[in-house]
Every structure is written in C-alpha cells, then in structure tokens.
Amino acid sequence: MSQQAIPLELLNRMTDAQFVAATGDIFEHAAWVAEATLAARPFATVAALHAAMVAGLHAAPRDRQLALLRGHPELGRKVARAGDLTQASMAEQGALGLDRLGEEEFARFTALNAEYGGRFGFPFIICVRRHTRDSILAQFARRLGNDGEAEFAAAIAEIAFITRLRLVARVEGPGKPKTDGRLSTHVLDTARGRPAGGVAVSLYEIGASARGRVAAAVTNADGRTDAPLLAGGPLPIGTYELQFSLGAYFAGQGAALADPPFLDVVPIRFSIAEPEAHYHVPLLATPWTYSTYRGS
Amino acid sequence: MSQQAIPLELLNRMTDAQFVAATGDIFEHAAWVAEATLAARPFATVAALHAAMVAGLHAAPRDRQLALLRGHPELGRKVARAGDLTQASMAEQGALGLDRLGEEEFARFTALNAEYGGRFGFPFIICVRRHTRDSILAQFARRLGNDGEAEFAAAIAEIAFITRLRLVARVEGPGKPKTDGRLSTHVLDTARGRPAGGVAVSLYEIGASARGRVAAAVTNADGRTDAPLLAGGPLPIGTYELQFSLGAYFAGQGAALADPPFLDVVPIRFSIAEPEAHYHVPLLATPWTYSTYRGS
Amino acid sequence: MSQQAIPLELLNRMTDAQFVAATGDIFEHAAWVAEATLAARPFATVAALHAAMVAGLHAAPRDRQLALLRGHPELGRKVARAGDLTQASMAEQGALGLDRLGEEEFARFTALNAEYGGRFGFPFIICVRRHTRDSILAQFARRLGNDGEAEFAAAIAEIAFITRLRLVARVEGPGKPKTDGRLSTHVLDTARGRPAGGVAVSLYEIGASARGRVAAAVTNADGRTDAPLLAGGPLPIGTYELQFSLGAYFAGQGAALADPPFLDVVPIRFSIAEPEAHYHVPLLATPWTYSTYRGS
Amino acid sequence: MSQQAIPLELLNRMTDAQFVAATGDIFEHAAWVAEATLAARPFATVAALHAAMVAGLHAAPRDRQLALLRGHPELGRKVARAGDLTQASMAEQGALGLDRLGEEEFARFTALNAEYGGRFGFPFIICVRRHTRDSILAQFARRLGNDGEAEFAAAIAEIAFITRLRLVARVEGPGKPKTDGRLSTHVLDTARGRPAGGVAVSLYEIGASARGRVAAAVTNADGRTDAPLLAGGPLPIGTYELQFSLGAYFAGQGAALADPPFLDVVPIRFSIAEPEAHYHVPLLATPWTYSTYRGS
C-alpha cells in the first residue's frame, strides 16, 4: 500500500464528508456503505467498523445490493483499463496472476464469466487473496451450481472478505479483525533426539493449471525457519507441497545411509482450507521413517 | 523365457558336451566358464552351480577375463543387430527401455560409452535389471571415476549379477540364489484403529529422465494390496513415489474433513538400494497426520 | 482338556441318546437344550450346531430359561464343592483366579452376588474366560443397573459365550466358531530402518485389584515374538501393559545414548475389549521417539 | 531464598573485605576462593565471576583443594546439627529428602559414605539439586569405581555445579550461567488435527526407592500446560513418567471408543540426563495410536 494508514481514532473524529472520502471506496463504487455507518461512530475497534459496514450492506435494499455486485469487475479480464477497475481490485487480481492468464485459461475464465453473468445477472465475485487460481476455478464451478438466492448471499459474503482486507490495510488501530494466516514448519531429527538444523525446505503451490515455488528457507538450530513460510496475509486456499532435503541433512550428520538413501527429498502435500488460520506442518524424521501432522 | 527350464538334477547327469551346450551361453560368448565347472559336478543347489561359475571366472587368467568383458555389447546401442547381442542381452536391455532412448539420451549414452571404452578398454557392463535408467547413468558417472583395477573388479561383479539372473531363469532346482525383491505396503486408519481398505495406491518411478507409473492397486479389507507392488525379479535401484488416495478414503468413511481436505493424495518418495530385499512401506494415517517407515 | 474331542461327523451319526449323552452338559444342568437340536441333525459345521443350541434356548419357555439361569453357580464362591459346580464351571472360574480371592474381595463378590440374586432372582452369569477380574467387577456393577428384562437377556447372551467355548473344546470338526483372540507385537528400529531383534518384552495384566505378568518373550530377527503373546482362547477383557526393554536393545546396538538413556523400559498400556479379535500392538522406536498403534 | 540478591555491579564496587564477606561462603568453609578472585574485579557477568572462582579453585595447591573437599558434610547424615552444615547445604539436601531417609536407606548411605571416605579420604560430594535420590545412589556406586585422581576431579566438578547454583541465587546481574532446565509437554489430537485441551497430565518421579507425583496440570486450549511441568532450577537426573488421561479426553469429544477404550491413561516413561536442558515431551494421539519424542 503506497497510501498511509489512517488511525481509527482520526476516522472517529472526522467530519462526515471526510469520513466518506476516506472510506467510501472500501466497497466498490458504493460510498453509501460508508455513509450508512456514520451514525454509529465512534468505533472502538477496526473490527467493529467493518462489522458496521457489513451490517449496512446487509440492511440495504436489494436493488442497492445488486448494483454493488454489478459494480465489480469481471474476474480475469485480460485487458484491464484503469477506469474500469478500482486500484484495490487491480492489486488483488494481480497478486494471483489472473492478469497473466494464458490463452486457454483466459478463454475458460471468459466462458465461465459469461455463463455466470447470464445465470445470475452480476459478475462472479470472490476474494482472490484467499484463493489460489485452482481454488478460484473450483469455486467458480461449485457456485455455478447454486440457486440465485444462495449465490447472491455467497457474493455478499465474498464482498465482506474483500472489504475486510481493504479496511485492515487502510485503517490503523486496535481490534483489527484477523485476516492473516501463517504456515510454519519444524524439523526434528528423531534418530538423535534434537532439532534438525540446516535442512533446506521449499514450498510449492501445486495447482492443476500451475505449479510454482512460493517459499524457500533453511531450518535454523532449533529446526525451525527464521520466518514463517507464509504469513502477512490470508493463506490462499489450495494445495501445497513442502519439500524437505532430508537426505542431504542426514548425509551431513554422518549417518549411515543406503546408496541411494531411502529418504532424500521428502514431499509433504497438503491443502489449506482456512486462510486466516495457523498451519504448523512439522517433519519428524530419521533416515528411515518420518511423520507429519497438522499441529498448532 | 520361452525356453523351458532345465532341472538341476538333469544338468548334473548330462555329458560334458550336453552340459556346456545347456549352460555355455550364460556367460556372454564364454562357454569356457561353464567348462571350468564340469569337474565340480554334481551341484547340490543352483546357488552352488553359480558360485562355481563365478569362481571359475575369478580364477581365469586376466586376458580371458578381459576377452569376456570385451565380448559384452555396448549399453544403449541404438541399432542392435541380432548377430551382435546375445538373446539374453537383448531381453535385458529392452526391459529398461534402453532400446527406446531419445536422441539426446542416446547421444549421452554414446558419449559415455566412448569415454568409458577409451579409458578402460572394454564396454561398460551393468546388470540392467537391477537398475532404473537414472541409476545406470549415476553408476556410469561414478564408475568412470574408478581406477582401472577397481573398474575391472566392478565389471566382473556386474557379470556375476547378470549371470545369476540368467542361471536362475534357465535352471530349475533347489537352492536358487535370491534374485527377487519385493515392495509391499499397508494402509492403517489410525483414527479408527483398523486397516484402511479401498485405498487406491499408485507407484511411480521418479527419474530425472523419465517418470512413469509402474504399478497400481487398491487396498483390500486388511489394508494391504492383494499382490506386492513389485515382485518377481530384482527391484530396480532408483527413486519411487507411492501415492495414496487418502482423501477419497476418508471421505468415503464419512469423516469430517476440511474443504479441501488437509490430506488428499499422499506421496511417499523413497529410493530402493537393495534390489533383492523386501521393502515394506506402510502408511499410518488420519485425515490430519501420517507416518511411514521402512518396515519388514 | 483331558477329554478327547468328539468328531462332528460322529455326533451327526449318533443315536439320539448318544448325542444327548455327549453334549447334554454343554448347557449347565440342561440337557434339554441338546435334545432340542436332535431334529436339526446333521450339522455341517460346529458353528451351526452351536447356533441351533442357542436358538433352542431362545425358543424355550421363560420358566425353562429361568431354571437354566438358576442352575448356574454363584461367581467367586469360596468353598466350591464338586457336587455344586460342573467340571467346566470349576475349570473356568479357576482360570481367572476367582477361587483364590482374598478376604476383602471375597466379601465384595459375596455382597454383589447377594444384591444381584435379590434383584434378579438368578445368579450373576458371565463368561469368565472373556474377562479379567477387574472386568468382571465392572460388568457386575454395570449389570446391576439393568432392568430385569435387559439383564435376563444379558445372562442368556453370556450363556451363549460360555457354551460356545465348551462346544469348541468338546467337538472337533469344520466350521468352528471363532473363540480365540490373539495379541502380537513387532518392534522396529526406525533409527536403522530394520526389525529390532533381541528386545525383551513383558506383558502385564494391570488390574485395580491385581497386577501380574502374563507373558514374556524376546523378539526374533524379524522383530516379532516367535509366538503370539496371547492366543489359544479368548483374550480376557481388561487393561494390559506391554513393557519393552528398549534401552538395553539400543545400548547393544552401540547407539549413542544419553546417561541415563532417554528411553529405557517403554510401557504401552492398552485395553482389550474384543476377546475374539486380533490385537497387533507394535512399537516403532529410536532412542528418542516411539509410536504405537492398534494394527492388524 | 530469604536473603536478598546482591547486584553484581555492587559486588564489583565493594571493598575487598565486603566482597569476601558477601561471597566467601559460596565455597564451603573456603573464603580463600573468593579472595583469589579479588584482583580480577570488575566482572562483566555473573558467569565470569563464577568462572574466576572455579579457576581459582583449580589453581590452588592440592592440600587447599583437599581441605575444601574435606570441609563438606557427609551426604544423608541423619542428625544434622546447625554447626556442621552450612545453611546452603541444609537447604540443598532437604530438597531431595535426604534428611528423611528410612532406616534401611540411611544404613545404605552410611555404609557408602564410610566406604567412600575410607577409599578417598574426603566425603562424597555431589550437587544434589541436579539428581534424584536414585541417581545419587547410581553416582555413588559408579564413582566408588573411580581411581583417586579421577574421583578428586569428579568431586571438584561437583563443587563447581554446587557453587554455580549458590552464586546464581546470591548475585543478581547480567550473564547468569544457565542453571535451570525445563520440562514441557503438548497434546495433539491427531484424529481431529487440533490441540487437545482439557487433558489431565501428571508427572511422576519413578525411582527404585521411591515413586511420587511431582507435578500435575491440565492442558489448555493450545494443548499445552500453562506453566512448564518442571522449571525454576536444574531438572533432577532420574526417571520420570508422564501420565495423560487420554481416554477421558476422547470420551469428552464424543469419539467412538471401544469399551473399555483401547487407550485410557497413557504413560510415557523417560529419563532426564541433562539438568539444564529443555525437555519437550509431547503426545500425538488418536483413540488408537500415539507417539512421543524428545522435542525442542
């Protein structure tokens, strides 16, 4: 964010016009949501401000809600012009790489968008920062099976996710709602009963349409990585693979290994389903066995 | 083998000429090895017969040994003519797919063969049925680093492996030397304390130059596969990946799962280093944890 | 059993009188149960014979059933006279040690028996070979909470267990019902990826009122005990502790151990709830970690 | 400690007489050790002060060292008079319960003391706070096998441990040497992939001559105990058993359990060998499996 965060306390003291100027774009082309919260000021927490906005959205007449949904850009639009997307929308879609779709994927998104728009009368809305590309496609397919009422509610729920992230980025203050997840690991050498330091760890996103390394680290003396493998935002829902260079570690310890070693690069494949949660995925290993689990 | 196996007892009773006719081609173009064992008949076991042949090889003068080494075909020769390769050599190299090398790999093998031949004066000999293609390349590179004496011994040792397999295929009788390995698995549902039946399991060979599925099965009510995943011959040295469809199993059990499930397809990557051994690689799992180990 | 087993085929061909003489005492003082099965001969399996007897018992008028229940001895009677107990009852109660109760326990059993008899009008019946002493006390307490109908059914069900064991001991033939359980173990050295041979294993029954070693063995080269730790009959429901001398094993392997070793005698405490089942309780261990599970 | 800790900085600024008055009793009846460090002031850390004292002890003539050893009280002396033991010695021996020995144990200690004194010419010295009673007996037996030189060094080494603890209790300041260990646990419900909260945990010291509960706690929502099970001093070398009430936990979760449950109270028996280390001994469990390891 190039913009400086606004203190919540300042928002509470602003004039109505200043407040709407400062927060009116949190909801896409819908400053009326911010206006609806004016009376509820002051807010003790950022979470309370967001809750008030979401309540205002839920309380609005159906045609206003529909207009808000219709004001969202199509997902994966190849040629995005500044006038069409809000700044925030551009940044969010770029994070996922939806602006770098191949021809085939672009065609698929275009077809899904057309089918979705035809069926529901508004564009497919999803909080892209909470999803991998594969997960978006899975949600697209699943939500196309919804009836109109359920899908309207689903779209509103996604707007709550999107705006929560925007608000947290925009406003500084106490009681921020939880928007960040965390993925951590820990490697234990259970042959020697001590942390395994110096183990190279890579994290891959494993998608049907793409596979890419999203993090890499080396374990420290406590068998952990100095920083979480993923942090600082929602963990995108999707499938991942941790790869631990276990063979190199045990060779470096002078352990008696088979040739080639029974275990060399150990892959741990798992999916993230809760973007705001902490996933601790450790590896307990000897040259001949390992186990993993979702820890805390 | 289209040829019918010869009873050991019959070999023991044959005339010398018959014996040499029946076993002279076990060692490539070197019936003299069979001849050297004539006096030691009768053999109580097939293993004893093979040991006698190998002893005869070790006792032979250096120039005879060298001629034997030189009588072996080059590995991975693209255009193999019947007159150059023995029947057995063709079958063995075919098993690995060395007759189906791509242009680049063929060029690599050709270069390695040329370098090896130039350095040692005989072709690179390896018991291909005990190796994957990757393992052969690794051995090639490693053995090129040997001095002449060590490499001469390494080649003789490989001939012992090759001929052991040929003899076991040719001769029926007691005391066959162990030439078969076995890979088995077992899936336990440790959330419910019982075998996991109906779990789809695939085995892949994971090579730098190739990756292919080499076995597939579904676990039975005891959580095992009805037949070993690999059996009936040496286990080729190399790297493998077992993939267990754990998510589908737990979904079928009605377990409460995340969406997507934390564990879906579980990969277990491991290497085989002992072709004649039993590798038992089980999976103990709940929807949130698993462990594996080399068992027995 | 000093008595020789009678072939099922012979039972099928006997006169009615011979058949009743041979099987009339399977149900305590109630030859009429055997008589009720005469018409159904021949029986293809021992299980079918037992099922016919149990069906005959279920079909009998209530007063006959009640008389049968009342014909059973009181559990834990201190001074048992040959005329009161059938031979089979004596052997079965002796196996558990109910004939060697201390004064306090005897008083407790006497009080429970009196309370039970007063409430239900027949003695407490339980298949003692399927229970430890603690489990009998637990069942006693639990069944005292039953209403009359439920307890009548529970007593009949126990008679089916008791007579199944008696019939299986008396009759030889195909299709014996499953009456035997099995407890086995397996020790794997996961630091070295191989079975742990030479590990001393003891099995204790852990009861509130008693604790005793019921089996001891040393693992063989495959990490298993040559014979199951428990077999040859129902596994008595109750709590057990396996103790593995892991420290001595790893010291013998020359492993680098702490002083004293982190793991020395490893206790695995578990309960058996299914007397006719197979309990496989392995130990996977290094000097610094272990795991166990109910396997198969 | 009723005494108030003295700031290191203050010690550095004291007159020589004040310094010796403040620290002269750290080494039993041997103010000369403190005197030997006067010239080295100021000390940047408490560890440096202790190191200087130990260096002074090592540099002292043999007869002074011997006098120091001889100045120590006999271990386990039943009737200890204030004039014989220093205040610190009394507190330390009391912690272990050596002042509450039974007749037989007292006799054993007396005999060992007599044998030891006769052989080496000074009393058996050991830092009792780093040992359980069993461990002291084991050390007594082991050290009786030392030759005179080795045992002299062993006694000096124990005095370093004893005085390190005394100095850390006496002096406040930066760079305290590590004298505290820590025992922690963590319970994970791997059937549900989350921490197991509400699990009762007890820690027992398991000794040949005594067994007692030394800690009890209930796991919190994160599956940990609010405070370490042992902390605030050296962890006494010895054997312990953690007992986890796993059956009650899973019953409370509504898990489908056997009757009785396969796992109820789970004992984890282990030994502590490094008094100043962190022992993390977690339990990963379902109703049918568990594992533990020394973690970090």
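We just call them A, B, C and D in the order they show up, numbering each chain from 1.
Please note the rule applied: a residue touches a chain if its C-beta (ideal position, glycine included) is under 8 Å from a C-beta of that chain, and two chains touch if they have at least 3 such contacts.
It should be emphasised that the depicted structure is a prediction, and the values quoted were computed from it without experimental measurement.
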Chain at maximum distance from chain A, centres defined as averaged CA atoms: C
Contact-richer chain pair [C-D vs B-C]: C-D
CA centroid of chain B to CA centroid of chain C, Å: 48
Multi-chain contact residues (two or more partners), chain D: 190, 193-194, 258, 262, 284, 288-289, 291, 293-294
Interfacial residue positions of chain B with respect to chain D in the complex: 190-194, 256, 258, 262, 284, 286-289, 291
Interface residues, chain D side, partner chain A - complex: 188, 190, 193-195, 222-223, 284, 291, 293-296
Complex contact set, residues of chain A against chain B: 135, 138, 237-239, 241, 258-267, 269-271, 273-274, 284, 288-294
